[in-house]
Amino acid sequence: MRNTKGVQKIAFFFLFLATLLIVVPVGLIVVIIIQKGLPAINWQFLSDIPRQGMRAGGIFPAIIGTFYLVLGAIIFALPIGLLAAIYLSEYAKDNVLNRIIKLAIVNLSGVPSVVYGLFGLALFVVFLKFGASILSGSLTLGIMILPIIITTSREALESVPQSFREVSLSLGASKWQTIRHIVLPNAIPGILTGTILGLGRAAGETAPILFTVAAFYLPQLPKSIFDQAMALPYHLYVISTQVPNVDEKIRYGTALVLLSLVLFMNLVAIIIRYNFRKKKKW
Amino acid sequence: MRKVKEFFIEKLILICGLASIFFVILIFLFLAREGLAVFKFVNPSNFLFGKNWYPISEPAQLGILPLIFGSLLVTLGAAIISIPIGVACAVYIAEIAPLKIKEILKAGIELLAAIPSVVLGFIGMVTLVPWVKTVFHLPTGLTALSGAIILAFMAMPTIVSIAEDALYSVPKSYKEGAFALGATHWQTIYRVLLPAASSGIVAAVMLGIGRVIGETMAVMMITGNAAVIPQSILVPVRTLTATIAAEMGEAVVGSEHYFALFAIGIVLFIISFIINVTADLFLHKRH
Amino acid sequence: MVKFTARNLNIWFGQIHALKNVNIEVEANEILSVIGPSNSGKTSFLRMLNRLNDLNPGFKMNGELEFDKEEIRKIDVEILRKRVGMVFALPLPLPLSILENVAYGVRMHGEKDRNRISEIVERSLKQAYLWDEVKDRLNVSAFKLSGGQQQRLCIARTLAVEPEVILFDEPCSGLDPISTAKVEEAMLKLKKDYTIVLVTNNVKQAARVGDRTAFFLSGELVELDRTEKIFTAPSDTRTDGYIRGKFG
């Protein structure tokens, strides 16, 4: 008996150790980036264009570029993703077609991001002749985050109790009225969570925008959706690997801005989800 | 009037429902359209098993074996690190951690999942790479090992969260039964819970590996990008993904180099397809 | 006058044969109580009358079911459900305010006029004996009401769309005796203007409010007669056994 207790103690210690091995480095990464990046952050850094071959100045065009890309991606992906989620949750029957759709979604979410980049290049840049542009990049990112939006929205829709639907239908409301007035309003927090997570993902990805939109160095802001743009993650890649002698402060500062942006979105999503679970009435 | 409107809305919903299938097919078609053209220049077996990747020499040599080995080595390394740690962490979170700590740990894992790969690549470059260089007395720290360590981190959130789900969904009665027979908590975990959750854990591992194979930016930034068949884990390697990312910018549209990079894309697409479909089968085996 | 007529009605959910050759008529302005043990098919029968069974995957039917002499599958389902309202087993307010709960069905049928809607809301709440308790807080969430109040709210919501028939599916199963008495009182008053089908697990309740009572067992209609007859001199021994068992 003593022995099995001893074994358990040792085993649990190792499980705890493994957990520390993941969590401590995560904490360290965040702390290092904040510590070394914070001194670089000031108004000029956030609002100025890069200067002296990106070794000085700010990162404003990259922030704006990422903003446009993420906005474009969500404008494309949210309506399609939400309607697809409605189809799966409210209309799909348990049949082969439904199974294939689910497999397709699993697959889309597993396609490597660089392959999305290739696809965007072949379809939007070359075939549809959009060129390397915000439009091409947004559409590529939009397709990439589609599975996230579909999956989270579908979960949100399915968590609305079936009894609400029955009540609404029993009063003579049509199926669409039921979805529009009962199911959707009660699924909004979940849909919002998924959308924001999708945004965060789109903001942080580099590979899909490499050949579809990202500009190495572009000192002016894009004027239309057919222009190239800089983007934060690509800018970080460029100043870390492609440009020699960039002050480390600028690199950490850029990393901090990108990380803050992505983590902020995740935080918002977590808060919405938390409040929603607390307030849930059924 | 309302009926007509609803008819069109419902048709639109159906179309969007089919969008995922449409996009998967579209991705494959466009990869194939650009990628299969490479076989006008090189036959499939020389492409897959050729030992030399010199895409811009004259004549170009388009063998992706070194890239496949590069991806395999980095992936294998990442798997060896991340599977035991990830599964152990999942067990800790699902079974041992007190509720409050559990919430904090889960938030930490979500945080890790959210960090963009280019940021992890950057951090790896400035911290891990110099460390590997010093510890192993290497001419450069940009090695397969560095890549494997960073990739292990990127696989961890996937492995932990899916494995934890799998452990969590084992019926309570299994556990209570084991306790009733006088088993300790640890005996219950490894004799009852882990076997009962095994198919979910297998799926977790596969999806984690899928994430690793497809990862691009971090790998490109820290593995050194040498397209030669690696003899050890302490040398620079170049993966399939990094090759596409690094070279597509310079490849001329319509050149054999361009086609070859798309053909690599097809290889990656097929690998991820197989991994995801198999993992999905394992995930559904439970129900 | 006859409201519903079922002839040789059979229904299935997948492999389960839930109703077997049921022949029954529901008359206008009566309260028909439907009793039987669980899985006897009584709720499946009730949900046939507003076609709510259509929502179950694997649902199939044959035989005839007429509403006002018209085959039920030929009536537009939304109109059918407007004419045949339903009150569910548990109080199921929608996650809306008290007012919006009652107004919901009316709005869905295209009523936009605010004054007209508030008239309907007031009338319906009064009919369900809830008005005095909620008139000062119509904009409060319906979940703030007690269980009994919620169930009367659900009755008001059903009344608001002006149905001809109201289906009650074990409406008092989650309620205390006082709330139950209030709901029963409402039913007896409503009988004047509506046809009521009441599915209940509570045999005493069937005896208290039903004009006629139907007894279902294993998907079959065993016996249908005036309530006094069923409870004093049932012609089938199975009915007798069920009622006695229930009375203890």
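The chains carry the letters A, B and C, assigned in the order they are written, with residues numbered from 1 in each.
Basically, contacts are C-beta pairs under 8 Å (C-beta built on N, C-alpha and C of every residue); 3 or more make two chains touch, one makes a residue touch a chain.
A quick note: this is a predicted structure, and the numbers were derived from the prediction, not measured.
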Argmin over chains of |mean CA - global mean CA| returns A
What is the chain whose Cα centre is as far as it gets from that of chain A?
C
Measuring centre to centre with CA averages, how many angstrom lie between chain B and chain C?
55
Taking the mean of the C-alpha atoms as each chain's centre, how many Å separate chain A from chain C?
48
Length of the line joining the C-alpha centres of chain A and chain B, rounded to whole Å:
17
If a residue has to touch 2 or more other chains to count, which residues of chain A qualify?
174
I need the residues of chain C touching at least two other chains; which ones are they?
none
Multi-chain contacts in chain B: which residues touch at least two other chains?
2
Show me the residue ranges of chain A that touch chain B in the complex, using the header's touch definition.
4-5, 7-8, 11-12, 14-19, 21-23, 25-27, 29-30, 32-33, 79-81, 83-84, 86-88, 90-92, 100-119, 121-123, 126-127, 143, 146-147, 150, 174-176, 200, 203-207, 210-211, 233-234, 236-237, 240-241, 248, 251, 255, 258-259, 262-263, 266, 270
Listed in rising order, the residues of chain B that touch chain A in the complex are 2, 6, 9-10, 12-21, 23-24, 26-27, 30-31, 33-34, 84-86, 88-89, 91-93, 96-97, 105, 107-112, 114-123, 125-127, 153, 156, 160, 184-187, 189-190, 207, 210, 213-217, 221, 241, 244-245, 248-249, 253, 261-262, 265, 268-269, 272-273, 275-277, 279-280
The answer for chain C against chain A in the complex is residues 50, 52, 55, 57, 78-82, 85-86, 88, 90, 92, 94-95, 104-105, 108-109, 141, 143, 154, 157-158, 161
Mind listing the chain A positions that touch chain C in their complex?
93-94, 163-174, 177, 181-182, 185-186, 281-282
